[in-house]
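Two complexes are shown next, each including chain A; its partner changes from chain B in the first to chain C in the second.
Let's look at the complex of A and B:
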């Protein structure tokens, strides 16, 4: 049982970090970033190239994933989303655009990195084993890093000047403008930050599960699940949603093993019931 | 007394419907000017045009002699114009403290910001009691004090107030009116006040403009307007 909880916690930390990026973009722009999973995959392949192929330190690879995705996010916001949001009268336009960016990134990733599953050498060797709990050291390192990133993100949003500006924008756009917050600037920073988080998780997880170009869509779906469980646009909701999904997956894979691969079927069915009772998720409010 | 704001022949449209058709008004340094008129007469549109939240179609807006129409709202705030928006609009999930600090977003001198914070808390002691509370959980009157305090944190030279008495308990309307007078006097802030409570607005202002459907119908000294027959009939509901 401890093993299941530890696995769930480890998975939950990664998921929470993915959901945070998605929820940040949603809170600021009311855009559901369909390309979030693809951004994760791109981050994974960048770390694979730098750490796995070029043999540079893992830290360098992780930073490169983050920085590259931040730039991609900033460019997407500046040249695609900003123009569409300014000119379109209907909300569906940004949805279509978001879907299009997902397909676009899928194609770019396939072109650059091919369709093969890629893995990298272990970042730390060895396994912790005390008889009833087994945990490879590399998973521990990745789990701790993910939690450190979550903590860093929360502190940044709470205490930094851009963090306060983004919270203000998410809570009341007009009032934030009247405080002198430059909407365009901080929306771009927010999109870049959200994309960066996706890239960092991709970079982290390539060290454990490897990466392949086909998992962008499924990762996006999982990210939506977490945000729906926790409540869209809320930091606490994204974290709660991430850990809940991680735990459900971990428990499901153990308990439901004998029934075959049905964990996600059960999770989806449960989510439908849950959302019909609480359509706004656990903490359905605009930003916390 | 120099002019701090000159709003000249401004036309403003929402899509194809006009909100202002050639409105001109001025605010002098140190003055409190009231805008009165029915709902939809265009009072709030004037404030939105000044702060840059709405782009004007034609006309010019000068602030301290410089043209400001077409600038981004953030640049206008930085220049010294702060607005208290209609319907309070606190940042509901931020504490009172963080709300007030957001008001000083365009300023960088920490010591001066701390000084302003002290001034605001001295003026509204209730905010001190609620300092670490989430703003959304406070009463309407407290939230109104908070947004006025938040605007003062920008250290404005011109303060725009949009319906500060709307949705506030009658007892507190007096308090808010008094604090507007005090702010105008003590902080040397010029005030442009939009109010549907015309009587209160005329009592605390030196001059006033009365609007009907996007144009100025009457203007003059507030004391004279209070006694004016047309104002009595149209804006004060007859009785004195």
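Let's look at the complex of A and C:
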């Protein structure tokens, strides 16, 4: 049982980090970023190239994943999303754009990195084993790093100037603008930050599960699940959703093992019931 | 448009799809176009359903689930219970509508991104269900489903047995196009009726509509049920053409594509989904020549299109008129 809980906690930490980026972009611009999973994959491949192929330290790989994705995110916001939001009659049009950017990133990833599954050498060797609990050290490192990033993100949003500006934007765009927040600038920073988070998780997880170009879509779906559980557009909700999904997945895989591959069916059925009681998730703002 | 122009354009359209296209294909000998155009017709039926949910202000990315459900229902009824294929079209459609009412009761309360996300996950669930349930045959799917049989009333054969035809492609094309015409005629009627106006009020402001006395729960269920019915019907014919169905026949990508068809054509226009499907499907097919750059060019063109015409292809007319 301890094993299941530790696994769930480890999964939850990485899931929460994925969901954070998605929810940040949603909170700031009301955009459902379909390309989130693809951004994760891109981050993973960049880390693979730098750490796995060029042999540079893992930290360098992680930083370059984050930076590249931040640049990609900033460019997407500046040249694509901003324009479409201004010109479109209905704000749902951004979803079409988000889906198109997902296809675009998929294509770029396929062309640059191919369709093979890629892995890298372990970052830390060895396994922790005290009889009833088994945990490879590299998973521990990744889990702790993920939690550190989450903590860093919360602190940044809470106490830094850009963080405060972004929270103001999420609360009320017009009011924030009237108070002198540079709306365009901080929206761009927010999008870049969200994309960067996706890239960092990709970079982290390439060390454990490896990466391949096909998993972008499934990752996006998981991120949506988490955001639905926790509530869209709320930092606390994304973290809660991530840990809950991680825990459910870990417990479900153990408890429902004899019924075959039904964990996600059960999770979805539970989610339907849950959403009919609380349509906005655990702590979502009304009518996201 | 004035009434005479409207009637004329309908006649031209019907002539084009029922006479001009088959003649053109026979003359040029490109029979592979039958398959492409049939697919476009079927996908546009399913997209029309998605469009209707857009019309009540919901983003529906779950149409693939209903197409899969409809396809499986038809295949199981035909193969295991020996039903006539023609009966399974309404049966599967109604099954999808029924399921959508059950699913819709809780999830139609959600709005915006929440509804979009739930429906997206729903497609994935349909795939998982198809893999897990015993009747569907799991990952191997169902194959060699018989072609549609003959239909006769009072000894008079109305529809011949598809297996005995020398050109089943043409038959399928005519079937799909007929259904598409019926579907869009019905959509046009719905949108221009009392219910259509009420749906538009939902799209603008549900609370306000409700306060005036519009039964919003009932209306959005109806719209969602019709939408799922169309998704199911599209799936049924698709299965009949390919004579097989797998859990991966309709995936999240298909659901997203149905949505994209609507967006690209224009959310404010009944015939938007038809145009959007045609452009997207043909665009993808034409780019096959580009080999490994196919997806890159396709997505880039799509991004440019969205930047230039964020309100859909049909909004081009609006822009031109405004300039004049």
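As a convention for this text, the second predicted complex is superposed on the first by the 285 of 288 C-alpha atoms of A that agree within 3 Å, B and C clash if a C-alpha of one lies under 4 Å from a C-alpha of the other, contacts with A are read in each partner's own complex, and residues count from 1 in each chain.
Quick note on the criterion: a residue touches a chain if its C-beta (ideal position, glycine included) is under 8 Å from a C-beta of that chain, and two chains touch if they have at least 3 such contacts.
No experiment lies behind these values; they were computed from the predicted model shown.
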If you stack the two complexes on chain A, which partner ends up touching A:92: first (chain B), second (chain C), both, or neither? second
Applying the document's definition of touching, compare chain B and chain C: which contacts more of chain A? C
Who does A:217 touch here: chain B (first), chain C (second), both, or neither? second
Classify the contacts of A:80 with the two partner chains as first (chain B alone), second (chain C alone), both, or neither. second
Which of the two partners, first being chain B and second being chain C, lies in contact with A:276: first, second, both, or neither? second
Is A:177 in contact with chain B, with chain C, with both, or with neither (first, second, both, neither)? first
First, second, both or neither for A:134, with chain B first and chain C second: neither
When the two structures are overlaid on chain A, which partner does A:165 contact: first (chain B), second (chain C), both, or neither? first
For A:107, is the partner it touches chain B (first), chain C (second), both, or none of the two (neither)? second
Would you please give the residues of chain A that touch chain B in one complex and also touch chain C in the other complex? 287-288
Taking the complex as given, what residues does chain C use to touch chain A? 54, 59, 103, 105-107, 109-114, 116-118, 120-122, 124-125, 128-129, 131-132, 252-253, 256, 259-260, 263-264, 267-268, 292-293, 295-296, 298-300, 302-303, 306-307, 310-311
Applying the document's contact rule, which stretches of chain A touch chain C when the two form their complex? 26, 30, 32, 34, 80, 83-84, 87-90, 92-93, 95-97, 99-101, 103-104, 106-108, 110-111, 217, 221, 224-225, 227-228, 232, 260-262, 264-265, 268, 271-273, 275-276, 279-281, 284, 287-288
Quick check on the complex: what are the chain A residues that touch chain B? 161, 164-165, 167-168, 171-172, 174-183, 285-288
Could you please specify the touching residues of chain B with respect to chain A in the complex? 51, 53, 72-74, 77-78, 82-83, 85, 89-94, 98, 101-103, 105-106, 150-151, 154
